[in-house]
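Going in written order, the chains are labelled A, B and C, and every chain counts its residues from 1.
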């Protein structure tokens, strides 16, 4: 590890610290506008976002479509390059590094995506995909492929029988577990779950939520849990940040925010939630 | 006589090696005049197909292979081409999950409503336009005169869905089929659409078959609900009874899996159902839920799946009846199990 | 571990059937196509073994003989057995067509994939270059090259890749644009894999399928082009046996010795049908396998 990194790692209080993150899209100016030198305000998908996440904590990011939550997630690991602000992992700003240092920082923050069907390379067996992750980062234990893969599958509660299969032979829930296992293969400290359970059946969703809780307990992995479903966040998260149009409009413990929402948008979201108990309808039939 | 009567409906798909894969395995369902019935289930339950079968719109290569569907006493499955068209135009309406995909992107929104008025109700151009604007207003679209001229891509998802509802209700159908109508919408928009559907139901006396995987949506909108799993209906009953006193183990497990806002601040592992819903190609003898059921007995692999009456207005396909003594779910939920 | 393996036995049964059973599952079109192609390819490969005569072997007693037990396809005006000539011709044609289709393919696909992945200047250069080549009608370009290089197989071998690379590059680029955005590709960045690993190990295998599907059509086209060029006298030169050449030779005898032109022609058609059916069958299965 380079000297630069060790210098910057003062014992940071937070695992992840996001400060004033900004992402703008498309200074789309038509020809006429260019000629007229018109000033067009770019659209801010992520507008001055700041929050922190501690080790072993589960933070929920809630918001509807257009809230910027997915763009935010991608900015954190620089899948999309932010336009401003800082993303500090253990005090080290990921935006300030490249090459091997960037790789190392990315290793610590892994991402699980929404679509179980497109998250795994359709042409690779599960075992190969998991082993590759470990090999590329020279993780301890990755020399022995079978043992390495076996351990990872066990962490996500799958059997070894999955290893020689290809993704198309698995169910949606199993694929998501494999995606999580792949993320775990590099020993991350944080998993960013971007709508990771949204495409799953309810009963399978419940299993996966349990899995996230288990991983937090057993491995101390923190989770940034992004979802448009408030109830799902309520089931896993300690704290929540509500996003609307690129800004965070409210943060707090889930208990506080759900019981006493201060922001109008949060209140609207809570009010609109369809309660499964028919006695709690918002429309009298 | 019920408005809609489905009996022993069976829908099959051709599989590889000339297998026949059965997606809907003998479904019995009735919808009364003005009633809202929900069909809830997970993937592979057959709920969407059942809904589409009512309009005989099962997607190729699937086909209805057995059973009957009667609307107002008439056999839908034996209607001729023009009778079927008439049936689809006037008696039944349908709204779909994807609001953008269901509207023609090259046609203005208002024109699409006007089209159905001209074709199905024989209105003149002028009358159709006036009526379309009125319909847009009725479905809660502000500034209907201007929105009439808008293209679908200029409208939000919620507005497109309202337009779709306007088109579907233009001929005042007696039965509305709604296949996951709010799944693609934001929760706030979803709430508005559900309110709109309730309003239209109250004003028109329209019956509805509402398909959803989200029990919250079902609870908000439905009078009765049928729970589907693996191509069968496993339980039916009034929605309150089903929520508070479900008789079938799958219903219980499903309801136990539904995430709740109340869990905030009290994060706990839920007793989650193991495994996943069966694939079309899985063959499960006897009770289709038995492999995942904690109350399954030896005999369960040999039973025939049939709904039996278990309460005043409730039917369940579970012969074991493990909760007959235990009673309401609320007690169970109060002491959430740590697996 | 806090809970026993939740998903223990519930994996879809592995499609671990034998090769024979897998072949049985192919759609009929592929089976028929593969059958035809297989028979012809086998015949072509084994030509030296199964041809009753040499391709230029002359039987002075049987000039323009009609098909018989001795000469299955009859003989031509110099006493050569048409059946043997057809077999040798098929062999040469298939070989040349395969060469000219599949040797340049990997390069074109890689160029296109890289252009699609990186975008920017690389993409602009490759795309504009491809546009130029595609703007020329395929055959015109090949004929132009042949005109420069002179008659003979070289013209064909140079001209076709020159004209065809752009199509494959474009196809690969378009596929890569889609594949690049898939979560499993984004995951390679998140996992810290090098771009090269991402492109070659993860991207290319998924980009290649549509290119291979297209190549089957291209193969027939190239074979027929070769036959056409040879027919015109610009491809394989006589006396080497080549399908188009044989047909050209037999043209003058259509009314008297119809077998010289017609029977080899039918073989050519059959070959096209066989490969075409395979291509059609693969593309359907490709859609099937591509996603759930």
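We take it that contacts are C-beta pairs under 8 Å (C-beta built on N, C-alpha and C of every residue); 3 or more make two chains touch, one makes a residue touch a chain.
Just so it is clear, the structure is predicted and the values come from calculations on it, not from any experiment.
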A-C compared against A-B, more contacting pairs: A-B
Label of the chain whose CA centroid is most distant from the centroid of subunit C: B
Rounded Å distance between subunit B and subunit C, as computed from the means of their C-alpha atoms: 49
Mean-CA-position distance for subunit C and subunit A (Å): 45
Computed distance of Cα centres, subunit B from subunit A, in Å: 32
Junction residues of subunit A - those touching two or more other chains: 171, 173-174, 207, 210, 214
Subunit C: positions in contact with at least two other chains: 3, 6-7, 10, 12
Residues of subunit B engaged with two or more neighbouring chains: 272, 274, 276, 279, 339
Subunit C partner contacts - residues on subunit A that touch it in the complex: 74, 77, 79, 103-104, 106-107, 109-111, 113-115, 117-124, 132-133, 136-137, 154, 157-159, 161-162, 164-165, 168-171, 173-174, 177, 179, 182-183, 186, 207, 210, 214, 217-218
Subunit A-facing residues of subunit B, complex: 36, 42-43, 157, 186-188, 190-191, 194-195, 198, 202, 213-220, 222-223, 239-240, 243-244, 253-267, 269-270, 272-274, 276-277, 279, 339
In the complex, subunit C residues that touch subunit A: 1-3, 5-12, 14-15, 182-184, 186-187, 189-193, 197, 201-202, 205-206, 289-292
Contacting residues of subunit A [partner subunit B, same complex]: 58, 64-65, 171-174, 201-207, 209-210, 213-214, 228-238, 253-259, 268-283, 285
